[in-house]
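Note that chain A is present in both complexes that follow, paired respectively with chain B and with chain C.
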Partner chain A sequence: MSTDVKKSWLASRLPCPAKESGHCAPTMERGRRYGATLPTLISATVLFLLASGLVQAVYYNPAHGFDSIQFILRDVNSGWLIHAFHVTGATMLFAAVYALLFRDIYRRAYKAPGELVWLLRVKLYALLLLVGWLGYALSDGAVSYWSLTGAANAATGLSGVAGAVGRWFFGGPNGAGTVARLEVFHAVLALTVLVTLGAQRCAARALARQAPAPKNPVSCHPYYTAQTFAALSVFALIFAVLVFFAPHFGLNHLNTAASDTLVVPAVLSPPWYLSPVSAVAGVFATAGGGIFGVVAMLAVLAALPWLDRSGTSNKRGKLYRLLIGLLLLDVIGLGWSVSDPACTAAGSLTLVFTIWYFFHFLVLTPLVTALEAE
Partner chain B sequence: MAGTSENAVGHGAESRRGFLKILTVATGAVGAAAIAWPFIDALGPDADGTAAAHLIVNIAGIPENTAITVTWDGLPVYIRKLTAQQTADTQAVVTSTLVDPADFTDRVKPGYESFVVVVGLNTGAPCALEGNAPADPRGPFDGWLSPCDGSVYDPLGRVRGGPATKNLAIPRFKFINDAQIQFG
Partner chain C sequence: MRRIFAPILAVGLLFGAAAQAEDTLSPLHWQSQGSFGSYDKAAVQRGFLVYQTVCASCHSANALHYRDLEALGFTPDQVAGIASSVKLADGSPATLNDVFKAPGVGAAAFGGALPPDLSNIETSRPHGLHYIYGLLTGYAAAPASVTLLPGRFYNTAYPGNQIAMPQPLKGNEVTYADGTAATLPQEAADVSEFLAWSADPNLNARHEVGLRAVLFLLFLSIIAIATKRKIWRETV
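Moving on to the complex of A and B:
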């Protein structure tokens, strides 16, 4: 049977729509930045995390979470490597997502018609925070145990609908079946991350099709495929250095001990990628307040296309850029302030950083963008 | 002449690009394989599983006319030490008269003829056989008896009567020395 006959045999029985050319259009503008490869790097990292997560799911036992991870680390062939892949992969994923969000803010890519792409990216970030925290809870270490217990007690203690949802999610206070259901949620929500990535990719393609014809066109392949692979190589190199030389990068070292229901560690800081959000949640005294803080933090981020009052003007003012730099320092400060409780000023600094975060989005952004658009 | 020179340069650049392309793809393939290997390796059996699959059993303490039971691959395996009488009796049987013909030499390892190693499950209605201890009911051939369907086996594990029509299965094993056998 010739190849042509085979093709028509398959094509007639499995008709697929013609290959999309919007993403990798035959001609694209010259001089695309390396930052534009971030969505591809994020997708690749999510697939990598899914693979390493599935392998660990074979051996993970929710009834003995910490011990089964020790089993993976010590007994499973290459298990230590798969585990380090997963842990460091989470670090790389969040690094890429934070970079993507800041890049979009800096370039004002969230403005119409890019607001749907922006919303999907904020949704991706929100989902990843949840999936990341669930994975952290699955580690069943001395620190994450208290994070899970605190969250479960707070959520199940809420009144009304929120409490009902909390009890449904955690299955009551942190008990026998809690970690088992969190393992399922961790995996299922990781799949919805894939769906969100797909939607974001579709929206970004649609955006690319609307763009005016390039002035200095180059073909997508090999120029931008090569660029993507170059970016992927550097990304993989950083990843490899972290896996082999700093596998606990950004993690609380106390969490490498087993959980103990009667011992609360001195430092309860979460992984670095959760710490800015954890800091804002901690500013509020009550559980409901903490949830409100996290939702508000994500909501102002999602509202950015409408908080930006520059209209159709594409001027990029110096003051706004300065504010983005300050915002970056502010978010780093938020994360740092919960990682070092020995610093006596940490509590008040967290409050200052939180206030600045909301001040930046709700007051400074509309003000400065409107001023600089004139 | 200028044209020739340009062609030569062009040819050189082309072959250099081809070489670099092959080099890049080859390096990438090695990297991808190195990344993929831990994922494949992690799903294979670990050291405990491999050790259990190659179980080593001490047989020095088995008294004559007695069998011990070990579990290997999830199956009850009977290791029996024959008496001189049983060896002689089973060797004297005319093989062609058996239900499932098998020689004495088919059922034991050369050099270790006094040990019989079989899977202790009846080949008819599946259940564990009786007859490991000298006091157990063993049937008329002094071997094993199935309590479920009454099938009878001789000391070599050959079927000699009853609904069963197959000899007892012999697991994969080898003698390491006089005192130890290894399965798998």
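Moving on to the complex of A and C:
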């Protein structure tokens, strides 16, 4: 074997594919917005969550889920801080993912040739919903216990292959060993989030290489590293404010009590980042216990590149932008409608918001994009 | 850093000391409220006395150990004394590492309404401090329009207004060592502060670390944004 003398010892033995052309080469377009740093913020938050999750995993005892979290909060050195990092990290991660999805919808970044990046983003969102819900179930509180019971009953009650997978996943109705299984899935699926992020990064890079070379390019460093650092600093500032001064932000306070197998709390709202999906699942409660609703919600989102009928036209109409604004309000409304049971109209509002969500993607999007492209 | 924060902390302590001396009942407030709140150790110690004398005879607090009381400003000897004065179910005195003694009485003794565990009662109720205070001071004669269920008592703060717990505090259940008059509002306010500590024992550290972290990140963000703008201004 001949060793290339120009390459280092490691590079000759471990050739990395698609090595970057260097951070100092002027290859990048000017005027990139702060929003373009969102994938970096998401990756950083995922790594942060993995680290804080690892620390908690060594103390967490699935046989006594709630009590072991109390142990982490009260008796482990700085356990309260690590726990708050993890809980608020989930809030920050979902905030960034929701922002990224809406940014892509607004900019129509999902259109060809960006479909794969978009599909990977929807996959990331779906995975995070599952991992986030599993973490919520691990908290073993008075509210999450009933979410887990409902989901386990629905999944084990399904027929055919879906039911077989559901019974394998939960191991039957919510019982003594269920949380132990979910702890494993929470950790393993969290690692697959990293794989999805890596694939998304590769696909986005490939997309960037296809784009025509910019006329007046700048180098990544120092121009965009400075921008990313500024975005990270502000992100960390918001994170710190929430961790230290609003550690229960967006969470159901009833969940800070221990689960009780005989008492269903009055308010069953999930964490804020799961609530839009939870609302849609509630509307489809009779069809496969809400699982159908969640799958349908994600499926129309994933189908967006093909629901947009504007073809290769780059015209951007005002009506479509208005509809995206309405969609944002609609998703916020969905989340709000399950978090405020005191509002008697909440049930019918959830139905209206759900209908609008599907009407937006399945009817308005093809119609308006086709009309505006002409 | 310490040099920078010492004056800020000193000013904070000054206001803190002033808050202790003043009457916290009119208007009703607690030192632990707000973004920069911290526990009033004197109030939490008084609240523990009320808890131990009244609440603990029916309620458990399974997340608390006797050793945790040192955080309230009790000396190790005082905490050891508190623990050893508690007789466990087998008759032996409790140690520092024992969980707060549970009453160990079944729901049947309470007409089917098992008293809830009090460890996290304040975070699991909306506006916990005000709710507990309102509940403890909210007992009243039922209005003529209300027919009470058997074994229920009228309470203005409890959802539905009919509570199974008989009025636990009427005033003067305890004698405070610091000479504070043990009126009903004073006892209710003190035990609310104690239960706030029990639900969130790290609040002082959280606010202390949080202030430093936020100030640091605030300056870092300003510098990072200024740097980015300067770098971009130099490109042509």
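Keep this in mind: the second predicted complex is superposed on the first by the 347 of 374 C-alpha atoms of A that agree within 3 Å, B and C clash if a C-alpha of one lies under 4 Å from a C-alpha of the other, contacts with A are read in each partner's own complex, and residues count from 1 in each chain.
Everything below uses one rule, namely that a residue touches a chain if its C-beta (ideal position, glycine included) is under 8 Å from a C-beta of that chain, and two chains touch if they have at least 3 such contacts.
The structure displayed is predicted, hence computed values, not measured ones.
**Student:** Return fit or clash for chain B versus chain C, each positioned on chain A through the superposition.
**Tutor:** Aligned through their shared chain, the two binders fit side by side on chain A.
**Student:** Of the partners chain B and chain C, which touch A:Ala99 in the superposed model: first, second, both, neither?
**Tutor:** It touches nothing on chain B or chain C.
**Student:** After the superposition on A, what does A:Ala51 contact: first (chain B), second (chain C), both or neither?
**Tutor:** So A:Ala51 only meets chain B here.
**Student:** With the two complexes superposed on chain A, say which partner A:Ala303 touches: chain B (first), chain C (second), both, or neither.
**Tutor:** Neither partner.
**Student:** Looking at chain A, does chain B or chain C touch a larger number of its residues?
**Tutor:** Higher number of touched chain A residues: C.
**Student:** Would you sort A:Ala36 into first (chain B), second (chain C), both or neither based on which partner it touches?
**Tutor:** neither
**Student:** Scan A:Val243 for contacts with chain B and chain C and give back first, second, both or neither.
**Tutor:** second
**Student:** Could you tell me the angle at the CA centre of chain A between the CA centres of chain B and chain C, given to the nearest 10 degrees?
**Tutor:** 50
**Student:** In the superposed arrangement, which partner chain does A:Thr256 touch: chain B (first), chain C (second), both, or neither?
**Tutor:** After superposing on A, A:Thr256 lies in contact with chain C but is clear of chain B.
**Student:** Using the touch definition from the top, say if A:Leu326 reaches chain B (first), chain C (second), both or neither.
**Tutor:** It touches nothing on chain B or chain C.
**Student:** Output check: A:Phe85 vs chain B and chain C. Expected answer is one of first, second, both, neither. What do you get?
**Tutor:** first
**Student:** Report for A:Val234: first if it touches chain B alone, second if chain C alone, otherwise both or neither.
**Tutor:** Only chain C; A:Val234 stays clear of chain B.
**Student:** Between chain B and chain C, what minimal C-alpha to C-alpha distance in angstrom results from the superposition?
**Tutor:** Value for chain B versus chain C, nearest C-alpha atoms: 7 Å.
**Student:** Can you pull the chain A residues that chain B and chain C both touch?
**Tutor:** Residues common to the chain A contacts of chain C and of chain B are 81, 229, 236, listed in rising order.
**Student:** Would you tell me which residues of chain C are touching chain A in their complex?
**Tutor:** Where chain C meets chain A, its residues are 35, 62-63, 68, 116-117, 119-121, 123-126, 159, 199, 201-202, 205-207, 209-211, 213-214, 217-218, 220-221, 224-225, 227-228, 231-232, 235.
**Student:** Sort out for me which residues of chain B touch chain A in the complex.
**Tutor:** The touching residues are 28, 31, 37-39, 41-44, 46-48.
**Student:** Using the touch rule from the top, collect the residues of chain A that touch chain B in their complex.
**Tutor:** Residues of chain A touching chain B: 51-52, 55, 58, 75-79, 81-82, 85, 229, 236.
**Student:** Can you list the residues on chain A that touch chain C in the complex?
**Tutor:** Listed in rising order, the residues are 67, 70, 73-74, 80-81, 84, 142, 218, 222-223, 226-227, 229-230, 232-234, 236-237, 240-241, 243-245, 247-248, 253-258, 266.
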